[in-house]
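Before we start, here is the structure in question, set down as structure tokens.
Each chain carries a letter (A, B, C, D, E and F) given by its place in the written order, and its residues are counted from 1.
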Amino acid sequence: MNYESFKYSSEDGVGHLVLNKGEDLNKMTMNFWYELPRILDEIDRDASLRVLILSSTGKHFCAGMDLKNFGTLGSDSEKKTNVPDKARIGENLYRVAKELQDMLSKLEKLRIPVLAGIQGGCIGGGLDLVTAADMRFASKDAFFCIQEVNIGMAADIGTLQRLPRVIPEGKVRELAYTGRRMPAEEALDAGLVNKVYESHEEMVSGLKEMAAVIASKSPLAVYGTKAILNFSRDHTIAEGLEYNALWSGAMLPQEDMAEAMMSNMEKRDPEFQDMQEIKDYGKSSAK
Amino acid sequence: MNYESFKYSSEDGVGHLVLNKGEDLNKMTMNFWYELPRILDEIDRDASLRVLILSSTGKHFCAGMDLKNFGTLGSDSEKKTNVPDKARIGENLYRVAKELQDMLSKLEKLRIPVLAGIQGGCIGGGLDLVTAADMRFASKDAFFCIQEVNIGMAADIGTLQRLPRVIPEGKVRELAYTGRRMPAEEALDAGLVNKVYESHEEMVSGLKEMAAVIASKSPLAVYGTKAILNFSRDHTIAEGLEYNALWSGAMLPQEDMAEAMMSNMEKRDPEFQDMQEIKDYGKSSAK
Amino acid sequence: MNYESFKYSSEDGVGHLVLNKGEDLNKMTMNFWYELPRILDEIDRDASLRVLILSSTGKHFCAGMDLKNFGTLGSDSEKKTNVPDKARIGENLYRVAKELQDMLSKLEKLRIPVLAGIQGGCIGGGLDLVTAADMRFASKDAFFCIQEVNIGMAADIGTLQRLPRVIPEGKVRELAYTGRRMPAEEALDAGLVNKVYESHEEMVSGLKEMAAVIASKSPLAVYGTKAILNFSRDHTIAEGLEYNALWSGAMLPQEDMAEAMMSNMEKRDPEFQDMQEIKDYGKSSAK
Amino acid sequence: MNYESFKYSSEDGVGHLVLNKGEDLNKMTMNFWYELPRILDEIDRDASLRVLILSSTGKHFCAGMDLKNFGTLGSDSEKKTNVPDKARIGENLYRVAKELQDMLSKLEKLRIPVLAGIQGGCIGGGLDLVTAADMRFASKDAFFCIQEVNIGMAADIGTLQRLPRVIPEGKVRELAYTGRRMPAEEALDAGLVNKVYESHEEMVSGLKEMAAVIASKSPLAVYGTKAILNFSRDHTIAEGLEYNALWSGAMLPQEDMAEAMMSNMEKRDPEFQDMQEIKDYGKSSAK
Amino acid sequence: MNYESFKYSSEDGVGHLVLNKGEDLNKMTMNFWYELPRILDEIDRDASLRVLILSSTGKHFCAGMDLKNFGTLGSDSEKKTNVPDKARIGENLYRVAKELQDMLSKLEKLRIPVLAGIQGGCIGGGLDLVTAADMRFASKDAFFCIQEVNIGMAADIGTLQRLPRVIPEGKVRELAYTGRRMPAEEALDAGLVNKVYESHEEMVSGLKEMAAVIASKSPLAVYGTKAILNFSRDHTIAEGLEYNALWSGAMLPQEDMAEAMMSNMEKRDPEFQDMQEIKDYGKSSAK
Amino acid sequence: MNYESFKYSSEDGVGHLVLNKGEDLNKMTMNFWYELPRILDEIDRDASLRVLILSSTGKHFCAGMDLKNFGTLGSDSEKKTNVPDKARIGENLYRVAKELQDMLSKLEKLRIPVLAGIQGGCIGGGLDLVTAADMRFASKDAFFCIQEVNIGMAADIGTLQRLPRVIPEGKVRELAYTGRRMPAEEALDAGLVNKVYESHEEMVSGLKEMAAVIASKSPLAVYGTKAILNFSRDHTIAEGLEYNALWSGAMLPQEDMAEAMMSNMEKRDPEFQDMQEIKDYGKSSAK
């Protein structure tokens, strides 16, 4: 795994994905969007992982979409002579928005929890990105901004869906209509971040501690918890319960429960088997 | 536009609707309900507007339903000789509740955001009203009360649907079952209001400032943001994303984005074209 | 009504259900699960009740599932010779989870509000239990724990569905993935409990006061409020409004409203008729 | 009630609305769209009506949208100098489609059933129109056509939503992608029409007979049946049942049931009271 | 199992429930409603059963609700002196409708398929009953009638929800608004019944043959098929697929699949183990 | 594009995908599942295509899942020494079912309509496959079979979700519980296939004719029609309408409508521009 916009490493079941273009404000360039889904697919297929830390470098966590990307929207770069009509531009705008959304949603659909650590600005697309994480943490210099309204458009890759599940709706609307910055402390009060740290270093070290705790649990228990929370958020209580019961029918890890109890009695740390390796169905036979 | 229960004015894209019966506690009289939908329809059709302030006069923001209205429920005033049967009374109660709900929902469906400023009591129907606004602000003497349980009925025109999206559910239930008053500070903590002001004057002036900020944005960006937030609140994350992408296909305002960037480079305020005039379809040809 | 795991009494429309195995940490034993649905059915059928207090005894409110229960899961105790296959174990796990969920959901579906008072630990199944109550209160020594992840499984009887409706999602995920304890004060800030009391005694006496207020209201108004809040939580705003209007068509208690207004004018406490007796349909004729 | 595109009359609780521009193929002109919602509102407010027949004149039932209407789409006729941008055109197209949809949906939301009788072509918008009726009948020369694909667009005012609830999905897709005509007999087999008549006259007389039967029933029973069928089509079985039970709570017409049984015993026709008069809430007080 | 309104027997995994009051037109009396849920609970708990036949005796399959039942609706028989108010009557009507619905829904929720065989009239509540079965069959003298509209009310215990999933909507509305009888052949064309038999005897013998086929399959495969069809009917394609995959995770019967393949190779009938015994959770420990 | 299990060609906007292992009954082997998603992705990205024909070779259209595939389910082939526990097997079964479902759903999500032509047996997974097409056609020797119940399992890759939208529910259940074969004529009556042809050759030639008609329409009109039908099938009427209006805002092809009308006036075939080329977002910059 060798990427340009990201740095990736893993240890003891904890993956660590770092936005690596701090000098360029970690803007979401074409390269960023090319690499992100590929790296997340690799992570999802790595059965040894149990939790992912997402952090960044430089002054700002992420300055949002690289404005150069908008230049190509709606145009069909390879046959420039044809000016596309309104409907075909509309189709292009719709399709690209869906593609970008799908890339961010990969974060939400990972089998493992994602802990995002934010310093400096978390702007526009950067906010779309971290709302797709499981939890957010901030250093005290962090701020959050729904930048889209400031550049003349409605946000369209996740913030308007996910933020209102996390902070009070009146607050979301204020941020979304005015485009003002919300500092770390206000984000903590509002429930957007779980904790504010003094510095970036303390934050990363705090995330590693929490990640280690999560990595010590049964991976099936954690995977199930995440999948059920995701499903239940989008369904009625009754539907969530039904899904949860069926999940237990499929994946209640009786062996892991035995190990948890046994290790507790024996006053040792439990050791849980990894999840099964994820293969691309049919791949081997096709060779 | 000349109304009895309301005063209305607009300037620089900011509409200002004021409950104008302060001496009568701004009770929701028959006249109030007659005028409200008509004035909101006019506002929605005014393409020059970009944001609406809703405020009030007198000691209390709104004392709720005028109890005289209940007198006519279920009875058919013009053929008094016939005592209607239970089923026909039921049909009447159902229909009137729906009509009143529809009037308040107009606030939510306006193309522009609504900022409500509340002083004194915001009681019963008054609370139903402001929960249909985008954001709420209060002066420090304000209080909120789900009055319906105190007069022997379950609230039925919006509070029980919208309040739990805004403040914690346990708090909603306490207020709804006990009918107690929640003061401004508690409302701020709970997330019902975005800010508490020292006085009514400061509040109105604060709302005007925020309204001016919103009015300076692309009206299509703000309209889209509101419409998408409303839709996404009622749908799954995936459905909200799909809707959002399609909205971008239809209404991503590339011209407004260009103006936003250009004005930023030229260090001047952007100027965005109004939305298109809203006409009643078919009206002209019918003359 | 004579139970082993519970103590039950009622007075002036207020039922009081107490977990009665404090010496055994109020673990959810087979007997607990046997008695709970039966006692809740009795309570729901008692038309004289208007509110229920749920409290506990001993050091901890409830230590969660009695681990002995897990022993029988998936096995068919009476024909031990046959080791059941994976699919039949899965069916058993699914079915038992649904049964336990249904028992806890009875609390949510009671016609009357439930006020839960929590001291000490509220752990695992205990948390599932109190999230199905209308409101939660705590003494300052209380703490809450999603214990399931600590014993190697994903929670499956209600916490993952109901807790995210009550406290911010990022907080839920932290608690669910790490299994850490959340103390009373943090629970108050997060919105899980409505109030923290100095002691168990003060809490119970506080709950009785609030219960008395609720019991003084029209039972139809309170029942409607609860039913509509439950329905609206699981539906869109528009669907919730439609349901609410239809509820008013069926059960707007015009007589109770008249009594509320009359008693107010006469400066006396209102007296509302109980709801109609709940009979098991067809039972009498069958004798 | 005096209209240009329609002729309207009523007798014995049966309204009869006739498309009256047979010489012009009953195209949906601006005038058609102006008059349709107004006439349906009048009909809905007429408490003496119990059923509506919708029929037409001339060779074709309805030739669909008057293509002149498309000319004004997206343009803002009164400030022609400004060429609107893509986003503002998109907003206009979206808004107009919603307006037209709302007008047709009025048919579906009428308190009384609508029986549509179709001769000759039922094309494009004409098909959108009749799919919003409760039942469709045809003379043997009738044919149905999703004309939109033939003029280069996707249908957008109701056919794509309602037709798949009425005929098999594979058939819908064939008609929608190829734009071919479906003759009356095929429509009967597919379930789109309930019966095929030899001639227009026989059809109208058949509809009047059926309408008389429906008009002889309790208007509350028929209203409830229609409202519940509409709601249940869009919800789960469980939600439909809940709604239905609540509807009975509100509007089970015990008096009408007594009359039905009594008249049956007395071997006479039952006589049911009309529904309550529908007034525009608040209107009287506003005068 | 000894019942008055029903006769019940079982053999080789096939249960047979017979409406046993043919001389009284199998009206749904208080006794019928008392016994039905109890017998269905017993059947659901019998792990040896794999399919249920529901048939009847006498001239008519079922004449619907015993009108005597309506007499007690809304009244509180034991304190007759108090005339209940409108809201309390409404509550009673709502609650009773829900209770009756729940009893019929038990048929739909049984773990095993239900094959209903209908002779003569299937009227009112009788139709509500059989629409909750998996499949319907008829002898040629059978007819179906939504009787409710003929007695002045809207159907409220299942027909309006389930029938439109089975036959074309236009047909449902005609039957529901006019109350006319639909004969067996029309019911076959419409899809309400799967097959029409010459006589009651041939029908019962045909049902037994089909039941034997179903009983020869893996009980987990059949249970899963029914549960997934029920769930998928009420959800989107995507939700149905997700549920289905999770069901396979829990209950894909690999042992039964092996037996199916093995028996096929060995040219013998497969033998599948019964499902696990269904016990009332906690019951044993409570003794 | 060079595949082993399939043969693919295209001409004049019509793609033709052929199952190419007739000698092996077109069983769904590992290679089939490897190639299918890849070929469908290529087709979806080919902006010159407007419709797809899916047909087969040999005696049977498709004999369903290659039973060899089941052998590896739940096992982790590369570390055979570890017997996985029940929960990890359950996770594997769940994940593989989802993967297979996703591959078939690609057919449904293609931007272009899919016409499936079926000869001989369409068994198990083959039926799952064709229910994901837009329309189905058959030669008279064709038959359909929900084979899963015959091999001891519940179908899990699409038939139980999609078939009940296409044929009457009672019929689905009969086929699903008994595993019997439904011949072509019955499938035609039930609505599963649109037409039955005398022979495979006539069928393929008939499909080509219909495909040519569809290919002559505006590709945006056809794409929109398919996308809106898919969305509307899974949502309420009101939601479908909203989506449809927004789609028109984004993609009402005014240019194509002009061409349609112009070519009609000029009595020539219309010529519609292809849709915009579909690129993998970010791919170019990443090189």
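Following the convention adopted for this analysis, a residue touches a chain if its C-beta (ideal position, glycine included) is under 8 Å from a C-beta of that chain, and two chains touch if they have at least 3 such contacts.
Predicted model only: the values in this text are computed from it and were never measured.
A comparison of the B-F and A-D interfaces places the larger number of contacting C-beta pairs at B-F. Rounded to the nearest 5, the angle that brings the Cα atoms of chain A onto chain B is 120°. Inter-chain centre distance (chain E to chain F, centres taken as mean C-alpha positions): 34 Å.
One inter-chain figure worth recording: chain C and chain E are separated by 32 Å, centre to centre, where each centre is the mean of the chain's CA atoms.
Among the residues of chain D, those touching two or more other chains are numbered 86, 90-91, 93-95, 165, 220, 223, 233, 242, 246-247, 249-254, 256. On the chain C side of its complex with chain D, the touching residues are 231, 242-243, 246-247, 249-251.
Interface residues of chain E facing chain D in the complex, by the touch rule stated above, are 67, 70, 73-74, 90-91, 93-95, 97-98, 101, 105, 108, 148-158, 160-162, 164-165, 168-174, 176-180, 233-235. Looking at the complex, you find that chain B touches chain A at residues 51, 113, 134-136, 165-167, 191-194, 210, 213-214, 217-218, 220-226, 228-229, 232-233, 236-238, 240-242, 244-254, 256-261, 270, 272. Contact residues on chain C toward chain E in their complex (touch as defined above): 29-35, 76, 78-79, 82, 84-88, 90-96, 99-100, 220, 223, 249-256, 273, 275-278, 281-286. Across the complex, chain A meets chain D through its residues 86, 89-90.
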